[in-house]
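One chain, chain A, links the two complexes that follow: it is found with chain B in the first and with chain C in the second.
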Partner chain A sequence: MGPSSAPRRLSGMQKQVLSLYRGFLRAARTKSAEDRQRIESIVSIEFRRNAKEVDRKNFLYIEYLLRRGKKQLDQLRSPDIVGLSATNVSFSQTKAPTH
Partner chain B sequence: MVTGLIRRAIASAASSGSTAAASFRYVCVRAMASEAQAQQVDLKARDKTDIKTFSIYRWNPDNPKKPELKEYEIDLKECGPMVLDALIKIKNEMDPTLTFRRSCREGICGSCAMNIDGCNGLACLTKIAPSEAGASMITPLPHMFVIKDLVVDMTNFYNQYKSIEPWLKRKTPAAELDGKEIKQSKKDRSKLDGMYECILCACCSTSCPSYWWNPESYLGPAALLHANRWISDSRDEYTKERLDAVNDEFKLYRCHTILNCARACPKGLNPGKQIQHIKQLQLKP
Partner chain C sequence: MAAVTGASSISLLRSAPQQFHQNLALSRTNGLKSVSLAGYGRSSLSFGLQQRSLRLRVSCAAKPETVAKVSKIVRKQLALPDDSAVTGESKFSELGADSLDTVEIVMGLEEEFGISVEEDSAQTIATVQDAADLIEKLIEKNKA
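Moving on, here comes the complex of A and B:
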């Protein structure tokens, strides 16, 4: 009996984000066990990172991320797709050729 | 100006007279300007620069701030005549992060469709307005979700095109044709003129206010033009089913003959006319 940790009224956009997250987790359930773990970890890292970094009022960017996420979810749902993977690309300062 | 050069060339050739080499006789007959005069003309053109400002819509999804109009200045003397030439020049020399779609550069692929100075059109077919007319504003196709800079999300548009089933459908089995092609008279083929040329650039659909307010339910002039193309095809046997599929309050009858589509089409087609044709066919019992 204490204050609930979840917010009381979710806005339409927050509901969409949560349903997208749920959709990803449900799609992950249909894949094999190790792929399911990888998908869940990638998706949850991405969602939590964006939740921290993106401003709540930046509707334009949130809608762009939602649209991109929906497309990726549609791809993931197809039975031909086996799993997700993510690579980290770091930009190193390369010197220009000196000739 | 050319006649002046010719007159001067004849005068100079005549004055150099009979002592000149044989080549001058050729000059007299053909009246060409001499080398020195040619150099003079070239220098005059090089001195002047014709600066035109382009303000281009920019938005980066990786670094999301508010979208903005960024200004670029181009010397029109060093650039091709079309807006696409200017965009490529800006991307090559000034700002490589400028993003836009392009492919054929001759107005047949429909990739470079964008809004130039308020009118939808293909960048490769739209001439740059003279610099006296002020700055040019280049924005993406109106009322479409932006992926980056001038690139828009066309998936809804393509899905609507797919939904009208743009392929030949026949009921009679193919065996009856003896493996030969389905014949069509020239008169029936000419019924398709004005519809088969559509390149699916989306200029018409994104210029229609009715499509702006109902993009998911109204099919838009491009999809309806193609629907009419298959309805009017004499070889297609599913005409009634096609007409029934479109006969919906939202899919067809959101068209209020605003006719912005005919104005915007870069190929000179008239989607409004084709939509009117479908509506008339719906009236038949």
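Moving on, here comes the complex of A and C:
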């Protein structure tokens, strides 16, 4: 992972993570400029933090994060959701369903 | 095919003598291109465009302007100083970008150029030149 000069060969899981990241950034584009910036900043911090802290061999946990991320992304995609500070920032707490 | 070439583009004929031995093959592919050029309307632009499409076909190299624009976005995205050396050969990883940065760069390019990069191609981009080439290819495709 990280900066390697060889042509990047990504594992399937890494591809999934990047694809999720892209999905978040795309979803953020559909929000207002202010919300978008906030979302992008939270998402970017969260991904980078996990990239650093989570052991890359901890597949179970990464899979869990991926699943959780996908759910959050689905919610974020809905037009009446304008941010995810409540979901992503309170990382350790179980997030209450927002509907 | 001949009908398409003849009807839709006069500027193509003008450049034909420059095409030497590739004349036949190129004018045919250009015939296809000219359909997209016709939509352009501005004749001053069409000449430049045509030059590029010619060059694209031969060497697949992006215009220096595109490379410069990509470099600028890359600098901005990676928060590099304006005078830092970012060239076509610069690898994103050598500039200090991790894979998440690369995703951000590609997204930034999409917005700037009004294109949509597919995931598979996004993951093959390693250098500024790669990105510029892909962008020009996509822009061409959008116009067609």
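We adopt the following convention: the second predicted complex is superposed on the first by the 78 of 99 C-alpha atoms of A that agree within 3 Å, B and C clash if a C-alpha of one lies under 4 Å from a C-alpha of the other, contacts with A are read in each partner's own complex, and residues count from 1 in each chain.
As a working rule, a residue touches a chain if its C-beta (ideal position, glycine included) is under 8 Å from a C-beta of that chain, and two chains touch if they have at least 3 such contacts.
Small disclaimer: the values here were computed from a predicted structure and weren't measured.
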* Asked: Who does A:Arg67 touch here: chain B (first), chain C (second), both, or neither?
  -> first
* Tell me which partner A:Arg26 touches in the superposition: chain B (first), chain C (second), both or neither. => second
* Based on the superposed arrangement, let me know which partner A:Ser78 touches: chain B (first), chain C (second), both, or neither? => neither
* When the two structures are overlaid on chain A, which partner does A:Gln14 contact: first (chain B), second (chain C), both, or neither? -> second
* To do: Considering only the touch criterion stated at the top, classify A:Asn58 as touching first (chain B), second (chain C), both, or neither.
  => first
* Structure fact -> Between chain B and chain C, the one with more contact residues on chain A is chain C
* In the superposed arrangement, does A:Arg48 touch chain B (first), chain C (second), both or neither? -> second
* Structure fact -> So the chain A residues that chain B and chain C both touch are none
* What residues on chain A touch chain C, complex-wise? -> 1-5, 7-8, 10, 14-15, 18-19, 21-22, 25-26, 29, 44, 47-48, 51
* Asked: Which part of chain C faces chain A closely enough to touch in the complex?
  -> 91, 93-94, 96-100, 103-104, 106-107, 111, 119, 122-123, 126
* Write out the stretch or stretches of chain A touching chain B in their complex. => 54, 58, 60-61, 63-64, 67, 71
* Contacting residues of chain B [partner chain A, same complex] -> 59, 61, 64, 66-67, 145-147, 153, 155
